[in-house]
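Across the two complexes that follow, subunit A remains constant while its partner is subunit B and subsequently subunit C.
Right, the complex of A and B next:
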């Protein structure tokens, strides 16, 4: 580690022009990255990760400026280079992979044009050489058929493929430094700073099992205009002392090479104080033992034909899309049914069919022992009241022109069938807001005056306003920071016990599902391939797809090396759903031709555990219990 | 693509058939006898009868319609009611040519400047230059055409004599003569169109400049000029190009006011005269032709949009 670092930022500060003044977004950051080193940067939304990442490339948005410090790269100070010189360095010596591949590619240029222009401009490669380089770079990302991909337009690629193209683009000039702005939860061994400890502890996987609550961080990240002057974390830190508010802690090098900016670092390292919040380990109520079904779904099907009538008449319709194929499930009273699966597996369609927002083609629904019609308009008011939804983006579902109080009051008066007096509505609104951890004062606010987490709490309060039997939550925390997600997950858990509701909870995050759900369904291309209790689906025997999902999710603990089987390739389009077992094109445990030819049987194991696979349960158990047992 | 075109052309023909029927039906709804309306209240009964005979007005309506339709398709939709009863087609074609000339010249005068102005305004968003361009483009579009037209005439025709105030197009015109005649009406129409195009271009550019792919291009280290020309422009101009194609229909058939102010013999003014004179054969042919131009301009806009936008495949 004595070699000169590739890049070295010293006391770097960056400012944005906001409301006529300059506001500090990055203050005095010092970091070095050595050759072949991966430097991770974590923090809540708005903490400045992207700003710093792009600043390291010498790029600033138009309303930003460097306010001090230096960035040494290649013997040059990037903060002092002219824009043109900085541009020549980035792209050639520093590559960038953006946070969100969506829209990061120009929709009207082919992948080839966009990949080749980098090397043609920076390395002056000929057309043919640039083409070859682009192919190589794509091959490095293990994309299938790089030649064909080069000829395509971005919209013809899946999100995963677009991400790989972005990586190939950054790699194609063989840069010395790669900046990856990705929302991954990075790996820690033993964090020392109170903020890092708080972030890590709020991950659902860090919780001590389902009975405990998630740790949270108090308050929210301060906006640029209101940041504390001394320790930036002081307002929210459980270990704060008087000194923290008056003097900025220095960046101190630790014996193991880490550096830490905290007055109480030595005490934390010595273990004499602990920023984890002991008050929060009180057990959360578990689901009742007796299973009373409140919702039953049998053989639900939904196929989308998105071709127009004209296309169908002329026989030109594209293949129909089977979004739900023979899905059956049961949700018990006060239980949480967790639904996981990759994007495009049909989770949202299932939720919408149960909620009646999408009309299922076929199948039966039963709510509280009464048949439930598939189309919304044929459902009784009682049934409508009993199923409510919470969506991914709270901002989209709250009407910007209604105050929180008006939105809640409207739902209350609709479902109280106008029998509530004005005082009763005000009283219930206040009670609801308190139940979701807000105060009655929030009733007067408009959605734009709420943070993302607060909006989601209001959306949850609105769902509860109708006193439903079932709440369907579709990725309710995926747009939120892990610290805010912890608050919402705790809240949902408390409300389940207090209000006696059941949840159908959808998430692509296995940790979140594992924390909240009693019963888990794993979806793949419109089918539930496995369902069972949390313990059943996370230990052998498991469906090969579940197994792959589990081993693909990054472990928070570095001491556990990644193991198990890998998923290769992207999820196939549901339009070209593979015959036989839908998973056979990617299944690492594939038996042979039978998987492609015959629909696998539904095997029922102990305790109602269901797995749809040709491999007998006993064999699955053996295969999955021996490490490296895959073929 | 071929299928799409065939379908759209069939649709266009259907539209034309329907419009022609509607126009036909509407002319029949005029109060009173058309022959009397044309010949005047004091016309002798014999003259009226002869007129009806000559234009086949005694036949049942469907027969009249089919005769007109047959004539239109074969390029001879009958004769005008006007004095001397000249054939309709050469008259209309002549006006069509004039309109085409004016429309083309207007686009030529307007587009380069207004597109560049839109791009510059977007690149300097919020600057005094942007504000100035916004002010000019808003005011020129907002002014009624007859006001701009009359101001221009006073400034450049009556005042300096550089350009012709009225445009009695004659045979044997040289290019200079044509320019003298065309420039002022083209400018008047160009003001309306140009202001619009500038604002469309500016809005399109600003939208695109905010897109994530622009940042990708910047972080690739590409020079700014390449980013604008290669990446941003082709996306930003898509809506503008559609608007231009559609506005071509307006330039061809909708310049009634401008043609009137400048006395320019285009299609629009022919249509108005035909209405005034109850000149049904001219009226019908004109309307169907203008509808055709509008529909064709729309089709052109759609095809252009799809050709420039890989996300859209016409099927």
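Right, the complex of A and C next:
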């Protein structure tokens, strides 16, 4: 480290004004970032990542202040600059990419106006030069047709393109430092701190496959008002010793250049202790699913015509959106059907059509060998009881006006057909709460008093209250921290064995799917392009789309070099679904005109493995077995 | 805790806004006045006060006094008397019931009707929403006062002839006023509640209720209604203040309450021509109306702040 760092924070402390007093949010953080270095900052929500990131830019919320230390950037101490000076520096030399691009873009201005504003204000560029610079910045993000993008409004871009616009905006002033606030899984080689080890171990990809459980971290990050005085992680650390609670560990430089703040660091480095929790395998959890189908779906179709009456009368209706196109699947008893695909691929529509929340246009459903009506209101109470759902957003899954007990009690009394007495409902509510790892005392709490993970547990308890045959879980962990996600995934796995239930589990995360599912369906633009067992789907021969998804998911193991094929561009709009094979516009293994002209055949491989592709299975296997082949 | 009790508990932060707290107190005082004013008033609303300094004893022994007209405020008549010799304070106290009761009833009926329409159209959406919303829009396009004048002119005689029970209870003009205000405000309430319900329709807990096979009534009233209560309460309070304004305006124009009614707008009309001799008879109802409407509006504003604040902490 000979070169002077771009930014250097020394013993930085930051406080928030909360409940009338100043509460420490960042305590004595020291870090420096060198030129061309990527400094990753990970932690659960509430750990202070965003506050530190913003603080490094000298930007503080109104109720926050610097409480000590310094940030050296460009020979200036950012903690001592006036807000106006800091703002000037920030726009010019430090770029920022926020977490949610749609919040950061002004919906009433074009992308071009917003991109040019940055350089015109900070670099005093002329209108023409600013336009030029905006174009260049967009090109750097490899966005298609930058000129056209500049003329569009934010809502006309997909989420991925909005994110690229934000990156382009941050890059357009050619800053020296870029702060990216995004929930990205970060790569580690061999972590030393028990917290880091815990975080890493709670990623599903790190687990040793289906038979094991994910490691978890106890508790949640302490609130600002109750931070431990010594080691902040002591209360949750599996390796905690008396010293951790009384003395703050020093920041120690490791031989390989890393620094570590832990009393037990040397022991962990030497390998004499291991903070990752031993994985318990309950024998039932490993029991194989039997092949009795509980739900069969045949040729489900759903097309959305979301034009208003007025639009339809004036003939201005937009093209219909084909969300589901001939989807067939079977879910077996006690099995987990994992559904994976990019956003916009129709996963959620499929789940909602099976649940009945969205009425399918066409197709047949069969539940426990009896036909199941597509519209919800034509389903019998018994059918309703047997299919339950866990929703994606923990924030709105519970009605804020009812207690947890009232929410669970209502489900119990509806499906108990009024046969349960008040005491019976209370008893069952307590049992359900305990089954999902909460205590009976939660029955009296309101949703606002629960964390996101706790709300999702209550939602799971509510789904199980009806003793259903099938639970549909639509990305139940995507809004949660990885450590909480691990708890929820373990819970789902345990409950499956205990209650003999099947899951239709939806996720865009292949590792999550791989951890829980034994049968996986891969969706693309409203079609299941491949389905098979977990092992079949993750090894050749596989559909080129699956192959691309697999190689796009970041690997925790750095020793494995990135390989395989990459997807280019965004998923096409389902309103303009490509003819022939829907994937041909992005497929790296495209054969030729046949892919654009003809719908690919469904090829059946060993063990019921299905792939919808023009390339014969044997050829796919050969292509994909060669390392770095094609692409 | 019942959802309603939980909702009331949410209003406690109102005390953090002094202006809103005072205004709420004022509104409560006005409501107390409407409920018990008739009992507190020293005179009847149409009682002509005797001028004891100007009396004659008749031959049969009876004492006849002249009316105490246009008397300035004094200890016995704190707000003076009007040109007919009636005690202004007593008239104000008596008039509170009509001035506030009528708008309260009208606002209530508009809010109930509007909420039902808004919840239903917001929840169902589709062509039902499209048709009902356009109908309501067309009602909204007519200026309030014009609609009120036309309807009052046509339905008051009709009501008088009908011999309906409600006409017996309320009288033809007040009943017509309630109908007019309901007609005017139902579309406004329905629009507000519709958009609030629309935002809640796709919430997980509403879908969870649909998946339980709950009836539409249960979903609307037990799952969605609590969520729109903040909007509902603010809207109800706002409609109340507008209705007071409209009723007093119509009273002042001579289209609402008829003499000798002590309705405040009517009192302003009756005292107007006599302003030079008895300004107190004009100022008293004017100040009362202004205080009432300002109080209701400041309270509404406080409610809006408190409820929006609490809503955010829910999200």
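Quick notes
In the analysis below, the second predicted complex is superposed on the first by the 618 of 631 C-alpha atoms of A that agree within 3 Å, B and C clash if a C-alpha of one lies under 4 Å from a C-alpha of the other, contacts with A are read in each partner's own complex, and residues count from 1 in each chain.
To be clear about the criterion, contacts are C-beta pairs under 8 Å (C-beta built on N, C-alpha and C of every residue); 3 or more make two chains touch, one makes a residue touch a chain.
This structure is a prediction, so every number in the text was calculated from the model and none was measured.
When the two structures are aligned on the shared chain, A:71 is found in touch with neither subunit B nor subunit C. By the touch criterion defined above, A:357 lies against subunit C but remains apart from subunit B after alignment on the C-alpha atoms of chain A. Contacts of A:106 after superposition on the shared chain: subunit B is touched, whereas subunit C is not. Applying the stated contact rule after C-alpha superposition, one finds that A:89 touches subunit B and leaves subunit C untouched.
Of the two partner chains, subunit B is the only one touched by A:98; subunit C is not.
In the superposition on chain A, contact is made by A:410 with subunit C only, not with subunit B.
By the touch criterion defined above, A:7 lies against neither subunit B nor subunit C after alignment on the C-alpha atoms of chain A.
In the superposition on chain A, no subunit A position is in contact with subunit B in one complex as well as with subunit C in the other. Contacts from subunit B toward subunit A in the complex involve residues 3, 211-213, 215-223, 226, 230-231, 234-235, 308-311, 315. Of all residues in subunit A, only 308-309, 355-357, 376, 379, 381, 384, 387-389, 391-393, 395-403, 407, 410-411, 414-415, 446-448, 459, 462 touch subunit C in the complex they form. The touching residues of subunit A, when paired with subunit B in their complex, are 54, 57, 59, 84, 87-92, 96, 98, 100, 102-110, 117-118, 121-122, 153, 155, 166, 169, 311, 314, 316. Interface residues of subunit C, counted against subunit A in their complex, comprise 1, 3, 6-7, 127, 130, 203-205, 207-208, 210-214, 223, 226-227, 313-315.
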